[in-house]
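Below: one structure in structure tokens.
Chains: A, B and C, in written order; residue numbering restarts at 1 for each.
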Amino acid sequence: MNIKDLPEESLFTPGHTACAGCPAPAIVRNMMKIFGKDTIVYTPANCLLVFSGTYPYLAWRVPYLHEAFENTAACISGVARAYRKKGKKTLVVGIAGDGGTYDIGIQALSGAAERNEDVIYVCYDNEAYMNTGIQRSGATPYGAATTTTPAGRKIAGKLEHKKDMAEIMRAHEVPYVATLSISHPKDFLEKVEKAKETEGFRYLHVLSPCPTGWRFDPAKSIEIARKAVDSGMWTLYEAEYGEITNIYKPKKKIPVEEYIKGQGRFRHFTPEMIAELQKWVDRKWKRLYGELPES
Amino acid sequence: MYEIRFHGRGGQGGRMAAEAYALAAFLEGSYAVSFPFFGAERRGAPVRAFTRVDDKKIRIKTQVYEPDYVVVLDETLIETEDVLEGLKEDGMVIINTAKKPEEVRLSKPVKCATVDATSIALEILGRPITNTAILGAIAKATGRVSIDSIEKAIIEKFGARLGKEAGEKNAKAARVAYEKTLVGVAQGGKAFVPRKKWLPTVEEMPIGGATPAMETDAGLVGIGSFIENKTGDWRTFMPIIDKEKCIGCKFCWFYCPEGCISMEDGKASVDYDYCKGCGICANECPVNAIEMKREVRT
Amino acid sequence: MIQKLPAKKMVVTGDYAAAYGALLCDVDVVAAYPITPQTLIVEEFSNFVNDGITDAEFIMVESEHSAMSACIAAQAAGARTYTATASQGLALMHEMLFIASALRLPIVMPVVNRTVAAPIGIWCEHNDSMPQRDTGWIQMACEDNQEVLDMIIMAYKIGERKDVLLPVMPCLDAFILSHTVEPVDAPSSDEVADFIGKYEPHAMLDPDNPMAIGTFTPPEYIQELRYQNHVAMENAKKAIKEVTKEFADEFGRDYHGLIEEYKCDDAEVVLITVGTVTGTAREVVDKLRQQGKKVGLIKLRFYRPFPREELRSIAENVEAIGVYDRAISYGSGGPLFIETRNALYGMDVPVLNFLAGLGGRDVVTGDVEKMYEILMKAKDSKPDKEIYWIGTRGVSI
């Protein structure tokens, strides 16, 4: 599967009101091209809910449901069971943000994964509560400035590291877990396709750099996603039933210093903070690849 | 009492301008309130904010429908919507533009003040953030508050957030704008067709709001209807595709957040009705076939 | 689909009756989470599923919030759904209750009334369901286990009517019904299927006919939707009366609509009761009648919609009205008392409030006799207060 294999027809229309340069609409549009018409979509409260439609207008061309914030996995469970009872095959997809996944939604998510519900759960991760105006979440990386972890005189940015949500999901030993980046289209599309073909609980986690919240030039969204992968801030891999089956290793690992450049949320970084973030990356790298990166 | 309506785009600081103006009026002993229209619009989308000033407590809590003044922070907005809507008979519009008042064309001839706040902001602040410079223009054009109070309000409001130096620079931008503001009369005659709105009665409203794709007298609503929302007016820079250079790799087609790039004869083509001008296509094009150009709207 | 179940007489708990009612209604999807004293319901339903009596999908979620979320989603996908809860479980669902009713999804959920902490207790109080008043659910209370079973069946019939389309919450008192066995007549599954018919959703998630449900909606549209819900709740009054009548014709048990009057015809004073205290109060009324006292009883079945017209018509002919509440709205009074007095606005009859049985304290015949005694006094001379805390140590009546 590659870009040129994707159908022209879109199930997510233009006219949506995402910020200029937000990659989330491209993420969902391209995913939907693979999921196809026979899909039911749920979104909790997040930017996607708001920019994909303000009543009576809607960008979705598939059945679409919203209930609340913290319950994406429970809602898609309900839809999937209703369809199983009918004996009809339909793809049921929930698309939540990082706040709705890492924080308020983790209970329902863990429950649905443990029950191995036949659904696809997508976390599009922009590393803070962007819909409410850039507050820190469990996905916010160390040191990043948000409106609740401002770069203040005493405390500069978030004090804690990012939670490893994909690893938490891998520990549920569900049929499929994958991390994706829009900057790597072939890898992205193959994982979406694999998710579609797999049965049972599938978890897709995609990084979605936010020009407004991360404070960078909107033209750079894809470039920053690419740097996230190349620096090890974001790791692309697949896991089946808890076992890592495929992991992407950047050809040349770049230092985090290069990744954080051009992002306003890291502008206040001191050399010590850069070193702390690099240490986190190296720890994660060693855990996932079994060895320290070559320097 | 007098009322001001600010037109800007999400992220331009229209709300901060409206609040700083209220503070300036308050510093002169007036009672002032300011509030944004709380919408769902994201960065770049047209947004509005309001300020009311009176010499006694303001009790009314409604939005502003018949403003005395209209302030336009982003010149492109006068091309896409009738910013004069509801403006009082003897009202005035204050626009951030390099044009003279007489060169501005609106829906009707109206008192108009202009200032090139963008250039002033670029020169003094180094960034095209016009929400402080425009306050100087309001002071000059309306004479309702003094430029001294505007400066004080800016230092208090912006200085607290951005630091003393930034506060003073912003105050200076307002002072320069004050001095450069031109007052005159804009031309009328520009026609706007307001977009029709679907306003169903209780009987017509789908039960529980569950809505399929429906044709109404105001156009398509429900499933897939956002296609009717043309976001092209958000754009300040437009991508120009060099068809000679384009190799048809479809990366731009894949990455475009709007999904407004299509392939014609194997070459990328942009639907400017939707393009918000983010520049991702130009940044990602492997053969540099796309260039972002400042858009000139007429 | 369920196995054919013949009509039968059972001696079962209220929880069993609630689970068996759902089974008879051939629900498609159940999503539930255990909480005392509702637990027997999920256990019984698990037996029905694991013994193959029904092929319903049972989602054993990780919280009540997810239970309601999943029911809403399944119902939006066209399924007939069911759940059950109590106390804090209901409180945890609170957010989702609004969504079920606003999306017009006729979910049925028995609530086993249990005190809401603090302090933590497991016994009967109505301070779990009463605060759900404004969530847009039809809410009613049962007097015995027969009514629990019958009400589950009627709840689907009422809720799914095109002019209603609202979720229904039948309530049963913790332990007093939930864990007490008594004889219950169960109709056959065929009879129930004929009675409630097939669920035809007004809207559903279907790729063949895509629809948007629950989208982000600005002020231009929400007020019309609110009005629709209000009309639906008003329509529910008519639906409840018609369905209870149809039920009586079909199964021979008459629940009389929104309220049931007991010996009210020539009554000078009446007491309005809710839940299981009604049964006890019937005994007291009989006893007082034997003593020649003209007392009557109103069993209030529905809290939402509230039987305003019925109560006004009774109030015209009585000299004092008492309202029994098993919950308190601090700073005002019992929820039913507040509601009743509002319904009787402009009428010249004293309305008194009796609070008893909070936290699950047993409400005994003596307590009810006390209520009537105060009412009889009130008919002759203006009472010096409105709210009476029956059997509260250190509080005089």
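Convention: a contact is a pair of C-beta atoms (placed from the backbone, for glycine too) under 8 Å apart; a residue touches a chain by one contact, two chains touch by 3 or more.
What you see is a predicted model; the values in this text were computed from it and never measured.
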*Look at the interfaces A-B and B-C and say which one is made up of more C-beta pairs in contact.*
A-B
_Per-chain Cα centre nearest the global Cα centre, belonging to chain_ = A
*Measure off the straight-line distance from the CA centroid of chain A to the CA centroid of chain C, and report it in whole Å.*
43
*Counting in whole Å, what is the centre-to-centre distance of chain A and chain B, each centre being its mean C-alpha position?*
31
*List the centre-to-centre spacing of chain B and chain C in whole Å, with centres computed as mean CA coordinates.*
53
*Junction residues of chain B - those touching two or more other chains*: 40, 209, 211, 222-223
*Can you list the residues of chain C that touch 2 or more other chains?*
210-218, 221
_Numbers and ranges of chain A residues touching at least 2 other chains_ = 50, 53-56, 58, 60-62, 64
*Parts of chain C lying in touch with chain B, wherever the complex brings them together*: 102-105, 165, 202-203, 209-218, 220-221, 224-225, 227-228, 231
*Going by the contact rule at the top, pick out the chain B residues touching chain C in the complex.*
39-40, 197, 199-202, 205-213, 222-223
*Which of the residues in chain B come into contact with chain A in the complex?*
10-11, 40-45, 198, 209, 211, 214, 221-231, 234-235, 249-251, 253-260, 262-263, 271, 273-274, 276-280, 282-284, 292
_List the residues on chain A that touch chain B in their complex, please._
3-4, 6, 8, 10, 12-26, 29-30, 47, 50-62, 64, 182, 185, 211-212, 217-223
*Write out the stretch or stretches of chain A touching chain C in their complex.*
37-40, 42, 49-50, 53-56, 58, 60-68, 70-71, 73-79, 81-86, 90, 107-108, 110-111, 114-115
